[in-house]
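Next come two complexes built around subunit A: one with subunit B, the other with subunit C.
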Partner chain A sequence: MQELGSFLEVLISGLLAGVLYSLVALGFVLIFKASGVFNFAQGAMVLLAGLALVRALDFLTRLGFPGWLAIMLGFVFAALVMALCAFLVQRYVLGPLINQNALTMFMATIGATFVIEGVAQFVFGSEVYPLRLFPTDAWIAAEATFPGGILINKLDVWGGVIAGLLVIALALFFQYTKTGRALRAVADDHAAAQSVGIPIDWIWFVVWLVAGLVALVAAAIWGTKLGVQFSITFLALKALPVLIIGGFTSVPGAIIGGLIVGAGEKVAEVYLGPFIGGGIEYWFAYVLALAVLMVRPQGLYGEKIIERI
Partner chain B sequence: MGQFKTSYAKDMVIFPIRQDRIGVYLLLGFALVLLPLMMAFHVPPFRTDYFLLAILLPFLILSLAAIGVNILVGYCGQISLGSGAFMAIGAYMAYKFGTGISEIGLPPLPIVFAILLGGLSAAFFGVLFGLPSLRIKGLYLAVATLAAQFFFDWVFLRVKWFTNYAPSGSVSAPELKFFGYLVATPVEKYMVALIFVIVFALIAKNLVRGNIGRQWMAIRDMDIAAELMGIRPLVAKLSAFAVSSFIIGVAGALWAFLRLGTWEPLAFDINRSLELLFMVIIGGLGSILGSFLGAAFILIVPIFLTVLPAELGIPITTGTVSHLQNVIFGGMICCILIKEPLGFARLWQIGKEKLRMWPFPY
Partner chain C sequence: MSVKAFKLALAAVGGLALSSPVVMAQGQNEQFIPLLSYRTGAYAVNGIPWANGVSDYFNLLNERDGGINGVKIAFEECETGYATDKGVECYERLKGKGATGAAFFNPLSTGITFALTEKTLADKIPIITMGYGRADSKNGAVFAWNFPFLGTYWSAADIAMQHVAKEMGGEDKLKGKKIALVFHDSPYGKEPIPTLQVLAKKYGFTLMELPVTHPGVEQKSTWLQIRQNRPDYVLLWGWGVMNGTSVKEAAAVAYPRDKVIGVWWSGAEPDVLPAGDQAIGYKALTLGQSGAGEFAVHAALKQHVYAKNKGIAKDDFAQVLYNRGMINAMLGVEGIRKAMTRYGNKPLTGEQIRWGLENLDLPAERIKELGFEGMLTPVKITCNDHEGARSARVQQWDGKQWKMISDMYTARQEYTEPLVKEISSKYAEEKKITARDCSKPE
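Up next, the complex of A and B:
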């Protein structure tokens, strides 16, 4: 029972950490679906959102605003920053590159990553800023079944709940609003969507904005966990294997992929790590993704890739 | 007037225009003879070692690495985010060969062989991680190469065999004896790097304008069409991975031995990979000259950013410098991709065309 208990503990903490990877991966999927752009800048956007949020909060609390108002205003400010970022990226980076091939767009987003990182740290500072929005203590569950119980971090549960709500909201948005339908049309075919009168500039702005807001949510949770700091951008790199496993075009895929990566790397670290030297968390997700690529290049839920000359 | 070609061979020479040829000879003469002499007699700006060690040596070695990346990304169109890992493989394997591998009774090899074997090891792993490229492409491949980057970062950090069980995890280059000649001063290091760069740049240039280079470019422009025309993707893609990783590996070994001396895995992390990719994009995809221009740009900007505010008396912190540097690099990437996708090399070419017509462009 002891082993099963500790295994469950590792598994649950892995799954809940995976939810947070999913949040970042979700931003990638949204942009990829609507524009075919593989957005390397998602991690930088999480950093920007986090820094904007935490600095605004600090500033407002120092001015003496009550907690809840400061938090609300902070979120509004960070959302505005993300909107500005979406506008600038769309206007000056992707707009001019419309109808270019995917690799060019990808490299452009690498460029955008560096600009966003540079500007974010230049404007908001580059230290580690602690963020306290959610409780970070732990629950002990199922004490009756397992000796010692199972330790579950409350923050991780919050993350899971928020991610679930976000996915439902996004699904509704894509399915039932006019803009959502336009987004899906653009994803299917740029030129066809343009020819039925869908303003592609506006759609791209909206999708980058939504991705920015998802980044903001991710930043709020990750920031509470680790503090807002530069290393948060490496999250984006962790989200890449999640995407590969789940498929580039699938929202549920991003969630499932995140869970697989999160649980897989925690379990591997605990049960495989001692044999081959610790720290395999660092690359486990990538090697898993590589294996998936060899067997099923489009990922678990991705659309089949068909190529024509 | 005018330069006319009367045979195919003449049309196919590396520098078809006489001015270019003369220019390259002058440059080589300067780099090989004049510059070491100026160093020897302390002519400014070569009075101190700073210029040589902080600018010229990194420039040469990173240009070499950029040539390697350019073969894969620029010529064969397979994007790679794992170049740093292949530099690391080159460096660590060259170190192992240079200090001898006692497990198989291999004595320490001469340094040139060690460096070349380091390159070969990188080529081997390049092919291994290139294998997925036969099934996946584009963005997916980028993630596969990223896997190589993180995996090897970890390997060199954790597997003690590579560092000869050094407790600190950092290793030092073996004695740099090239054919019995001990290389120690900056000028000597510079000469060694220069010779390597010249040789490999020539080889690379000849590869890309030959049969195999044209196969790479066909694969880059449209792989399915190339396959229908009878180009074997297996051979073309894997050879690009092999040649590219070999050159990157040699550059990695040179970087570790000549530039760093003592190094740890962090010297070859993901930032190095991105930096190399930037050099290639800014300098010019699919151009050997571009690799040099890109390397020069990436190296000069940080120096410029540190020196200029100091000269003007504007106080600026190192943090600010690195942020500004990020903004400039990122901005340049976007700018180049939008305005001139073939980079500085293309601008240089356009400039030459304009000069040919000058002053009457009609």
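Up next, the complex of A and C:
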């Protein structure tokens, strides 16, 4: 019974950790879905959003603002910073590259990554900034059934709930709003979308803004978990196998991919790791991703791309 | 002024600058010391205070004493980002700089140390690895150019286990116990394993080895294994974000923080501050006598450097890693000073400085003169012993600051020395290095 309890604990923790990866992956999906650009800068955007939030919170708290007001204003400030970032990226990085091929756009986002990382640390600092927005202790569930119970971290549950709400909101946005439909049209073909009167500049600003806000939510959760610091940019690497598995164009795919990666890597680390020296969870996620690539190159929920020659 | 006249004036100034004996003399009377640092990237939070300590100490000597015995220190930082390839690039770029080339290298990375060990041997430049690097390089007979001052990871592992045994009530109480090592999955993190295996065999405890992949932002599965196996103590061998995450994950699985003991690279302020109250009770080794705090040298820094707005530290002034950077810089400088007693007060080559480092002898009185009393124990380097001192204390985080909770421990060479001999001999055999005869004076 204890073995089963331990397995369930690892599995549940993995699933919840996977949802946190999905939060970062969602930002990639949004931009790819709307512009066909793989946004290498998503990890840097999480760092920028986190730094803006935590530094504003520190500043407002020092001025004596009550906690709830400091948090609200902190989020507003960070959202404005992300809006400015979206505007600058659209105006000076992607705008001039409309109708260029995807590889050129991708390279541009690599450049944007280093600029965002550098400017974020230059403006807001490069130390570790503690952020405490959610509880980080744990529940012990099913103690009567399993000796020692099953540990469930409250922060992970918060992450799961928030990710669920985000997915619902984004699904509604893409399906039922005019801007959402325009985003999908732009993703299919920039030039065609422009020719039917879709304001591509505005659409790209909106999508980068939404991705920036998703990055802010991810930063709030991961910042509470790790402290806001440069290492938060490495989350982009955790999101990559999630995207490969779930598909680059599917919001629900990002969640499913996250669940598979989270559960897979944790179970592998705990049950397979000890036999091969441990430390396998980082690359095991990519083993899963490669396996999916071989069977479904577009990912489990990605759109099958058919190009006429 | 016409354009032509301006160009002529510019050429004249340039010519004067090139031929001026003052400029030449200044350039030739500087000792160049490269400073490999990381102020960006995943490990910047730890790299910045350390580099600030080194830099401030060099500035202090230049401002207060005019350098080392009248020879100014010229130093240049090179950003490695804690990446081995960038570290090697920095080494290649800076090794020949200055009138006599680089005095020594100090990469603050075990990975870069492994990569540079053979290069420094060929280029005849010492490599100082205070509190890190290859543990077998303590044997100066084989590793003539490596100087793992003040403590290797094998010494640290033994000291950590001495403290565990003391808390348990004696070495005999270790029998049947379970000790987990949570380590950065890199050459650095793997270094203590041989010593811990020797001690596990000797005292009858079980060693659980739990690697954490770089950079260590996700450790849930590691700590779930700890929750399920309930080791009696956890030794933490982390760096950068890994440390704070480990402390937080320990709290998340309700593992008592006072049963977690970090190595001296897991016991600075950036390792505990992000965890807030969850870090209370967490313990870590100090490297030498102390961790954070102000001593006589800090007063000198305030007077000669910070009063002139030339200091670069902010909140990190007198923190654990800042102080360690200063100690590190001081030991290198004292090695140069020692070499000057033999080769004269002028910029020296790496080869000459190697002799100085190998004959470095800092008794308590000299440490006091330098303003470092209370920060480190006496150091005596010999051909056979490039470590020079192997003592540490245990400190505990109380939520606001580190508090010393133990007396000084000294690593037991009866456990570490056989490993040093065995592994350094293997290295010598593999690299076809003839070990020096340390009984003969150089």
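By our rule, the second predicted complex is superposed on the first by the 309 of 309 C-alpha atoms of A that agree within 3 Å, B and C clash if a C-alpha of one lies under 4 Å from a C-alpha of the other, contacts with A are read in each partner's own complex, and residues count from 1 in each chain.
As a working rule, a contact is a pair of C-beta atoms (placed from the backbone, for glycine too) under 8 Å apart; a residue touches a chain by one contact, two chains touch by 3 or more.
As the structure is a computational prediction, the values presented were derived from the model and not from experiment.
In the three-chain model built by superposing on subunit A, subunit B clashes with subunit C. By the touch criterion defined above, A:Leu293 lies against subunit B but remains apart from subunit C after alignment on the C-alpha atoms of chain A. When the two complexes are overlaid on their common chain A, residue A:Pro130 makes contact with subunit C while staying clear of subunit B.
Applying the stated contact rule after C-alpha superposition, one finds that A:Gly279 touches each of subunit B and subunit C.
Contact with subunit B, but none with subunit C, is seen for A:Val119 once the two complexes are overlaid on the shared chain.
By the touch criterion defined above, A:Glu269 lies against subunit C but remains apart from subunit B after alignment on the C-alpha atoms of chain A. In the superposed model, A:Leu73 lies in contact with neither subunit B nor subunit C.
Legend: residue contacts after superposition of the two complexes on their common chain; A:Val93 is shown touching subunit B, with no touch to subunit C.
When the two complexes are overlaid on their common chain A, residue A:Met107 makes contact with subunit B while staying clear of subunit C.
For the superposition on chain A, the stretches of subunit C under consideration are 113-121, 167-175, 239-247 or 311-319; the one running into subunit B is 113-121. Residues 121, 126, 277-279, 282-283 of subunit A contact both subunit B in one complex and subunit C in the other. Residues of subunit B that touch subunit A in their complex: 77, 79, 132, 135-136, 138-140, 142-144, 146-147, 150-151, 153-154, 157-159, 222, 224-225, 228, 270, 274, 277, 281, 319-320, 323-327, 329-334, 337-338, 341. Note for the complex: subunit A touches subunit C at residues 6, 9-10, 13-14, 17, 121, 126-130, 132, 136-138, 148, 151, 153, 155, 225-227, 229-232, 234-235, 238, 265-266, 269-270, 273, 277-279, 281-283. On subunit C, the positions that touch subunit A within their shared complex are 39-42, 44-45, 48, 185, 209-213, 215-218, 220-222, 224-225, 227-228, 240-241, 244-245, 248, 251-254, 270, 273-276, 278, 315.
The residues of subunit A lying in touch with subunit B in their complex are 38, 92-93, 96-97, 102-104, 106-108, 110-119, 121-122, 126, 237, 240-241, 243-244, 248, 277-280, 282-283, 286-287, 289-290, 293-294, 297, 307, 309.
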